[in-house]
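Labels for the chains are A, B, C and D, by order of writing; each one numbers its residues from 1.
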Amino acid sequence: MHPRTTRGAASIVPPPPWHYSGDVLTLEYRTEPANVAALLPAGVDLAPEDPGAVALIWADWQSCSDSGEELLDPVRSQYKECFVVVRCARAGTTYSRCVFIWVDKDFALARGWYQGYPKKIGAMWMTRPVTVGTAGPRLEAGGVIGATLAANDRRLAEARFTISGPSQAGGFVNALPMLHSRWMPSIDPDAPPALDELVTMSSTNVDLGPVVTGEADVRLFDAPGEELATLEPLETIAGYWRQVGATFTGGERLI
Amino acid sequence: MHPRTTRGAASIVPPPPWHYSGDVLTLEYRTEPANVAALLPAGVDLAPEDPGAVALIWADWQSCSDSGEELLDPVRSQYKECFVVVRCARAGTTYSRCVFIWVDKDFALARGWYQGYPKKIGAMWMTRPVTVGTAGPRLEAGGVIGATLAANDRRLAEARFTISGPSQAGGFVNALPMLHSRWMPSIDPDAPPALDELVTMSSTNVDLGPVVTGEADVRLFDAPGEELATLEPLETIAGYWRQVGATFTGGERLI
Amino acid sequence: MHPRTTRGAASIVPPPPWHYSGDVLTLEYRTEPANVAALLPAGVDLAPEDPGAVALIWADWQSCSDSGEELLDPVRSQYKECFVVVRCARAGTTYSRCVFIWVDKDFALARGWYQGYPKKIGAMWMTRPVTVGTAGPRLEAGGVIGATLAANDRRLAEARFTISGPSQAGGFVNALPMLHSRWMPSIDPDAPPALDELVTMSSTNVDLGPVVTGEADVRLFDAPGEELATLEPLETIAGYWRQVGATFTGGERLI
Amino acid sequence: MHPRTTRGAASIVPPPPWHYSGDVLTLEYRTEPANVAALLPAGVDLAPEDPGAVALIWADWQSCSDSGEELLDPVRSQYKECFVVVRCARAGTTYSRCVFIWVDKDFALARGWYQGYPKKIGAMWMTRPVTVGTAGPRLEAGGVIGATLAANDRRLAEARFTISGPSQAGGFVNALPMLHSRWMPSIDPDAPPALDELVTMSSTNVDLGPVVTGEADVRLFDAPGEELATLEPLETIAGYWRQVGATFTGGERLI
């Protein structure tokens, strides 16, 4: 990706595969299906079942390219993100789709634009479970994890996850192959888009840690230039916390 | 641009026109022409005259869309950038071209990717001239302006500009229509690029303040993931500081 | 100041005098006097006239020590702040007093603690007037300046200043010698404070630019760990914008 | 601490006790003892044995007051720090002493100034060990952890820790009661200090996780306004990584 040079060392992100290890908090709830529909592109429909289901996800990642060199310069490896996943349907298949996402590093933003994640820069925080001392919850019943999202100096979301116990499942909204749009307007604002693709992708080498589940409490706040708060929670489903490892090797263009 | 919704309020940046007013420090010097050539895409050649000329530019901008609403929420309006411009030739025309650029806001990064500026996130600082007190230079002979660039917690550039006096000219390297690449790899890493355009653009409504000129001193530092330091200064030309207003309304695709 | 070494080069801030040049936006309004009284230390009373007057001030500073070296490494020279000044009385004299203040650099925080300004770290933005282009107001009737304050990813204040025209005066709330508390609890939480002083100070070498005045609109937002919103605006007085230069050389201990 | 109000809710940090849980990387090496002596206050001597021993420590903390409310708003709970500990002797007792320290939150800076840690603001990164996926080391032989420190957009330290295996010990330099200076100059620059104390303190409720040890590689870089690089490594001792829980309840004034 940019900037491109003969030597190839300056790119905002090295080429895939990209490897990820991190903590993932998934809070699932239901909103009005019409709120989800307003975020889907033409030709993509609501999921046939539970179409208003939303997953609000915080993740604290360490990531690297195949060389792994970023891991030893962790400012280039670690990033946090908060994102919203819904489900949708196209040509008889149900997909997961990320409709909003904020990250706190430029290399993560660039990878997202490549993958069709509509990334912006934000500020994310998530309570870490602890194994020593008292400054944090244990990963056991009664432990509480807080999470916040801000952009442009405004809080956009606050959430709490109260652990009830172990779980086999880790949520269903973000569990399908992704259906993403890659899009770039034409340099001539009156011309049709220069890039307008639907792509699908899945993670590989998925390595999942144990899950704890519990109660999810989500609050969204309106802000200029944001539409996150349109996905107003009507009914909470559940929350999940787990550690996740995965690799991204590329995707497939559908249109 | 992303994220796209029915309501259209969540985009990382509103559609053009985009208006800019700011302070611009331009430091021109010469490097080995081969260093410039290594940054040009296939089919684009060195400029026929003075092919090793480089402009290292710091700018402190306020910007807005036509509504101007961002101006009253200045976290969404102000940003700083540092960028490198060289000249190049294609099909008998000489252009300016931005080869490296760092900004400190996501909306500016998104606008850059739209325009073909290969933007990353960085941290930029530039001494401000003052009209009261002693904590800053006056815009007059002997005044000194410092400027720094960092990314990923490393200094990439440090510069000083010592004013000698007023000037008619404001530099020649960044004075031509821009020749930029818009580029996005395919979601399948083995496929050809999904977007690979050469575009040109020029500012409109250019409103220039008076220029001061003087001596430029530029130091570049190497860092992992960066190639800025390949543009090693061999000979300084001159520096310029001025206030600039301009509007961007779109560009034209060449290929 | 800390850290102290034999060589003396590591201090978070060099010794005074400290020189300042910057843009200052002052928005004056009235709150309930009881809200002001709740922020005054024992032995300090409300001002005898207009005791509920408040100045909410944004400043964008460039500052340096006598050597001026920070000016050429502007990350160590530039900072922004937002602060609240009230008036108060002690032993027959009326003073100005800063009750809340946020800055965005550690050297500024350290200077504040030395001076008795109760500084925290925050994020401040203020629209800059422009002289070229359309991305900003002119310093003339009808120009509008926005200003925001955030801390811990939450908006604490938003303000607008609509210029009506030039002014001789620049506000009265922050115009008196300061009465500040310097305070450090004992390392033994049960012992009396280790440092508990009332000090007064004034700027020297004050160099004021022309003033524009106009209408002030202030909104304050509550947040955990903050009491700014207790100073609820009941009636606006006026706003002022000017450039200010000044030097701080030290103060005087009263108690 | 500041700002003090009648309601008491605005303080930059709530009163102790303060609870901590976090990851701690300790890299021990030897420098010239004279480099350590240059950082000790009058009346404090080098440690009688191994006086040039230095511990360079990175920590990634979650912390809270007794209420624990900060844990659910983690922007007010989590912070990173990098600090340098040496040993010293006074009145027949050998102590640990922090000579330089950088943190990334204001509440942590304020707690440090209260405790006598000479804190500045910096940017710290430390590789996290992982249990899933490939984007990080396992806490086992061969795992490598990188750590960096920057301030004012300059790298001040880079380190690598290569795990050789489990360990009983966790380092000796930072293992003694702390001997810290609490210091505030007078508001009159010509007067003696307003606060000049030697204090000692120890953590309570110390809850230690298992230790891994290994090889330490430390590089320090000079920068204006910093003296960290004076502690040049001559010989490495060892590195240690462990999780630590502790509580701070206050200290004792010695002088």
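Convention: a contact is a pair of C-beta atoms (placed from the backbone, for glycine too) under 8 Å apart; a residue touches a chain by one contact, two chains touch by 3 or more.
Remember, predicted model here, so these are calculated numbers, not experimental data.
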{"item": "Pair sharing more residue contacts (C-beta pairs) when A-D is set against B-D", "value": "A-D"}
{"item": "Centre-of-Cα separation between subunit D and subunit A, whole angstrom", "value": "34"}
{"item": "Chain centre separation (subunit C, subunit D; CA means) in Å", "value": "31"}
{"item": "Interchain centroid distance [CA atoms averaged], subunit B/subunit D, Å", "value": "40"}
{"item": "Sequence positions of subunit D contacting 2 or more other chains", "value": "73, 75, 123, 125, 148, 153"}
{"item": "Arrangement of touching chains [line / ring / star / complete / other]", "value": "complete"}
{"item": "Subunit C contact footprint on subunit B (complex, rising order)", "value": "19-22, 61-64, 68, 71-75, 77-78, 123, 125-128, 130-137, 144, 146-148, 158, 160, 205, 207-209, 243-247"}
{"item": "Of all residues in subunit A, those that touch subunit B in their complex", "value": "1-7, 9-12, 15-16, 38-39, 41, 69, 73, 75-76, 99-101, 105-106, 109, 113-116, 118-121, 152-153, 181-191, 194-195, 197, 199, 201, 224-228, 230, 249-253"}
{"item": "Subunit C-facing residues of subunit A, complex", "value": "123, 125, 148, 150, 153-155"}
